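Some structures are shown below for you to check.
Note that chain A is present in both complexes that follow, paired respectively with chain B and with chain C.
So, the complex of A and B:
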């Protein structure tokens, strides 16, 4: 536990770089990010030390405030430590592009953000949890709002602030209800609460709303695709990679410790909310042509998968009993970790593309692989992982999740459960297929083919900090995909499952059967080698420009990003409801000399159907309230008098 | 005591009739003097001594002498203050006062039937309600101040009869409160006059965003 405090000191050094004089802003930048790097390394080491030690619950107390670490939080601490270490390394290079643009704010807020996330995970009581949760929200708001001179950034940041305050409100209610039925607000006491089933339901509803908002589940996700693209890239990496997982941590804390007797409908709600988020998230990701918005929607998708697996685990525990539920819980946790490293990688590579080209519009790129080879390889690995291709870490979690769903379907012959499972499986099937299409499009349009614009032609590779950070996380993605057993041990510890029982009880785990990445790797290597040896076409190969009816192919003959996703857009027309506008700018003849203008808009269905009516209601009702608030002192005193008269008469009548 | 109470009622009714600032202020002083007298009567009934007389003397010093003179000083600066435009008709305020009196008696009969200080209690409540009504129905800052002090006198009377002598520290606190409120209001009134060249509080509606 002392090591965590040393880490906090490191972060505070980073925060204090805010007070550096302006001429030393570059030094401040290096100092703050190095401090964040060292602090995160200390967090990782401390968590490793916790695992190496006796695994006893370690804690620290100051009055009613306390810090504690246990199996559940240690897993997330490890994830936070690793992800923030990598992103801090990346920030050393990426942050330089903000020189002269409030660089010191960026560095100090960055440290504040990481330290608040670490301490949310370490919090041992409700008050410290909420306190650090709010610091986290404020720090991330300031980071999102860093480029406040851009109007959309400013809007996104304030939308994020409003939404996150709403989420915190729900969480406060949840904590206060549990706390009211416990001896104190420390997590140990809150675990021995005397909640009635009635109140437990309310706790579940408020906690789920609060954490789902932070995790970005549909329909509470609307801040996420706005805030992530607006933030600097390393910030979006950490927000997406770690902050969203902290919502899972909090939700798990409530579910496992505070209200461990679950109802059937809770599980169904969590599972369906997750499955629908996964599907809608990836559908919108497919439609976006802003690279960071693609990744942001992909985060919605992956958080959806995680929560669907979590809900599936809850459902298994409620119905089938036994230890079967652990497989789905393991899937949720494993995918949380894997998503964290691969999303960090992808946001860093998106930042690298933005750094090299100065744009984040997919339509302007093309052929970047020639100019940014390292970024291309890293993005390729990240895309494979996000599309859940075997041998990358993205596959393992989703595969386990599907195992969980199959177990659920087989565990019961009740019609309702089978129906739920069928719906969830269909949605997750769509999700997998669409994610594949989405990242084929992402990688193909950006890195392959010909340059679509000048900026792509003049792209340049990033500096060594950024490249090394991306390479490290690519290696991690592959390592976690090929050799996931150590990670799986950590997952098993986090959910309180005995590793040995895990393999004995489920015949579907790595040890004995089904999916063995190493075996797959060996087979693939052998097959690939054989094919290469016997069917090599090197002798007959002639390198030429693609045949194009006698003319040179141009960049305009390639698929555009919008064109690539058109079949999907047509297929899901009913959900997306795109607004197409096509008009002729010039039309000399019916077949040639035409110039078309094509406009496509995808109005977000959820914000139109759900948020805008609410917004309208508030505007209308505040117009009514303005009539009460006339600004006249006499009127206000009149209200007091009326209230007093009513109270007096009421008191007399009741008597 | 009963005579004092009846006189107080008459004075408060008169207060609702007066629209001229000087006369209202003097009437306020008279009203406070009757409160001070009530205070002294109760103090003597409880055996006198320093604690018996101090509240009465303080009332005389603060409410009978200091506050009316402070207000009069402000009023003297407002020579050409003649507008009665935004004030609500006096008859309405007297009507409200009458309603308040009826309501006070009804409420007290219902809440505390057979209470021996029934008239005093009703008067106190009546003063509170009328003071509030004066604040609501008068537009000029000075008249609102007078309403506030009427209300304050009512509260003081209520405290006097219900608790039969408050601890001295609380009474001192109450006096200090009123004093500060009056000082602030006097300053505010002068500022109003400087900025808007009137003490009609309705002009402050312009400040609303």
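So, the complex of A and C:
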């Protein structure tokens, strides 16, 4: 526990670099990110020490405030430590591009953000949890709003602030209810509450709304695809990789300790909300042309998969009982960890692309693999992982989740369970295939083919800090994919399962089904070696320009990013409702010499159908309320008197 | 040590099985073509024509566009390798199954090949490549949920996600509503997944109709041979899987495979290729059948 406090000291040193004089901003930058790096390393070591030690719940107390670590939080601490170590290394290089642009703010807010996330996980009572939760929200708001002079960034940041405050409101209600029924706000006492089933329902509703908002589940996701692209890349990496997982931590804390008797409908709601988020998230991810928005929507998708698995586990516990539900919970946790490292990798490589080209528009790229080879390899590995390809870590969680759904279908022959499982599996099937398409498009358009613009033709590779951070996380993605056994042990510990429950003979194991990545790798390598020997093309290669019906091929003949996703957009146009516009720039003649311009807008369906009407209602009703606010002091005195009269009469009546 | 020996023997058997399937695969495609020719009152080429084609391509030069990189050369090999490894996973044929995965691993191993092929389609910087890749991922988006449902339906019946546990017992006649619906639906998926009529036409190179052929347009020589061979193997693999897991009658496996092969030819003769955007309706039909089958069991 003391090590965490040393880590906090490191982070505070990082925060204090804000007070460096402006001429030492580069030194402040290096100091703050190194401090974050060391602090995160300490957090990782301290968590490792917890695992190596007795695994007993360890805590520190100051009056009613306390810090504690247990199995559930230690898993997330490890995730936070590793992800923030890698991103801090990356930030050492990436932050330099903000030189002269409030570099000291970036460094100190970065430290504040990490330290608040670590301490949300360490919080041992409701008040400290909410306190650090709010510091986390404010720190991430300031980081998103770093380039506040850009209008869209400013909008995104304030939208994020409003949404996250709304989420905190729900969480406060949840904590207050549980606290009221246990006469204490310490987590240990809150676990022994006397909640009636009626009130437990309200706790579930408010906690789920609060955490789902932070996790970015549909329909509460609208801040996410705005905020992630607006933030600097290493910030979006950490927001997506860690902050969203902290929502899962909080939700699990409520579900496992405060309201452990679940109802059927809670489970169904969580599962379906997750599955729909996964589907809608990946659908929008495939439509976007802004590389960071693609990744942001992909985060919505993956959080959806995680919550679908979590809901599946809840449903299994409600209907089947026993320990069957642990498989789905393990899937949720494993995928949370894996998604954290692969999304960190992908946001870092997106940052590298932006650094090398100065743009984040997919339509302008092409052929980047020739100019940014390391970034290309790292992005390719990340794309494979996000497309849930076996041997990368993305597949393992997916495999466990599918096993969970199959277990759920077999657990009962009731039609409603069958139907729920079938719906979830259909949506996850769509999700898997669309994610594959999405990252085929992401990688193919950006890195292959020919340069679609000047900026792609003059792209340059990033510096050593960024490349080493990306390489480290690529290696982690592959290692966690090929040898998931240690990770599975940690997952099993976090959910209180037997460590040998999901693994046997160096393979992932459930019931009669097994998946052994190592054996798969060996077989692929053997077959691959044989094919390489027989089918080597070395002696047969001829270089020739691509045949283009006799004309010279141009870069504009390639499929564009928008064009690539057209079939899917058209197939789902009743959900996406794209707004197409075709106008003539020049029209000399009806049939030739025309110059056309196409416009395509894909406003988020939820934001258009749900939020905009509500927003409109608020604007209209506040215009009405404005009539009350005339600015005259006499009128306000009148209001005060009227209010007092009402209160007095009311008091008299009640008495 | 004995365990390791056993695992090694299993491995050799399974790879032998994959190799055998690989050698038979062009013959199956040849039979489909011959049947189609017969139904259309044509003589058609020899049923061994596919072997001659592969042999021919094998010796031809491989033309590479200057824009292509390593992905372009690697993708056909990965497609071939992953299809071969998937073939090694098919259960209860000649050998015991090696334990590196269940049906989901099988499905996702094929996704490796699809990922690489779709990515490589954009490498030669042509319009056709991107078109093929785009349509491939579009079809895949609708095939995948149906495959998931067909797995679910089968698992509810057999109680296992292990491929050898999922096979019907040799003497089993599964003529229930669910069994028959699942069988029909999986056959529809088989056609879609293997780019056959009515979803795709494997014989044309007309840009408006093609999907799979579009992706492979820039390939030549050995690389093209690898892609074609892998596609043929994939067709055979799906037919075998269909016969083992879903064919509800009690007849020998070879007969089941032959019936399915001829059925593919019949469907291809009697139908036209449908419009690209109708494919989702075709697959939705399969999905609805499976949903009924899942609930009916």
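Simple rule for what comes next: the second predicted complex is superposed on the first by the 618 of 655 C-alpha atoms of A that agree within 3 Å, B and C clash if a C-alpha of one lies under 4 Å from a C-alpha of the other, contacts with A are read in each partner's own complex, and residues count from 1 in each chain.
Assume a contact is a pair of C-beta atoms (placed from the backbone, for glycine too) under 8 Å apart; a residue touches a chain by one contact, two chains touch by 3 or more.
Just so it is clear, the structure is predicted and the values come from calculations on it, not from any experiment.
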| item | value |
| --- | --- |
| Chain B versus chain C as contact partner of A:544, first or second or both or neither | second |
| First, second, both or neither for A:180, with chain B first and chain C second | neither |
| Which of chain B and chain C A:640 touches, first, second, both or neither | first |
| Partner chain(s) touched by A:558 [first = chain B, second = chain C, both, neither] | second |
| Chain B versus chain C as contact partner of A:632, first or second or both or neither | first |
| First, second, both or neither for A:150, with chain B first and chain C second | neither |
| Broader residue contact with chain A after superposition on the shared chain, chain B or chain C | C |
| Touching partner for A:475 - first (chain B), second (chain C), both, neither | neither |
| Set of chain A residues, in rising order, touched by both chain B and chain C | none |
| Touch list for chain A against partner chain B, complex | 629-635, 637-638, 640-641, 644-645, 648-649, 651-652, 655 |
| Chain A partner contacts - residues on chain C that touch it in the complex | 11, 15, 18, 60-67, 69, 71, 73, 77, 80-82, 84-85, 88, 98-102, 104-105, 108-109, 111-112, 114-115, 118-127, 129-131, 133-135, 137-138, 140-149, 152, 155-156, 159-162, 165, 218, 221-223, 226, 276-277, 280, 287, 291, 294-295, 297 |
| Complex contacts: residues of chain B adjacent to chain A | 103, 106-107, 110-111, 125, 129, 132-133, 135-139, 144, 201-202, 204-205, 207-208 |
| For the chain A and chain C complex, residues of the former touching the latter | 366-367, 369-370, 384, 387-390, 395, 398-399, 402-403, 405-406, 409-410, 413, 415, 418-419, 421-422, 425-430, 432-434, 436-437, 439-441, 443-445, 448-450, 507, 511-517, 519-520, 523-524, 526-528, 531-532, 535, 537, 540-546, 548, 553, 555, 557-559, 563-568, 570-571 |
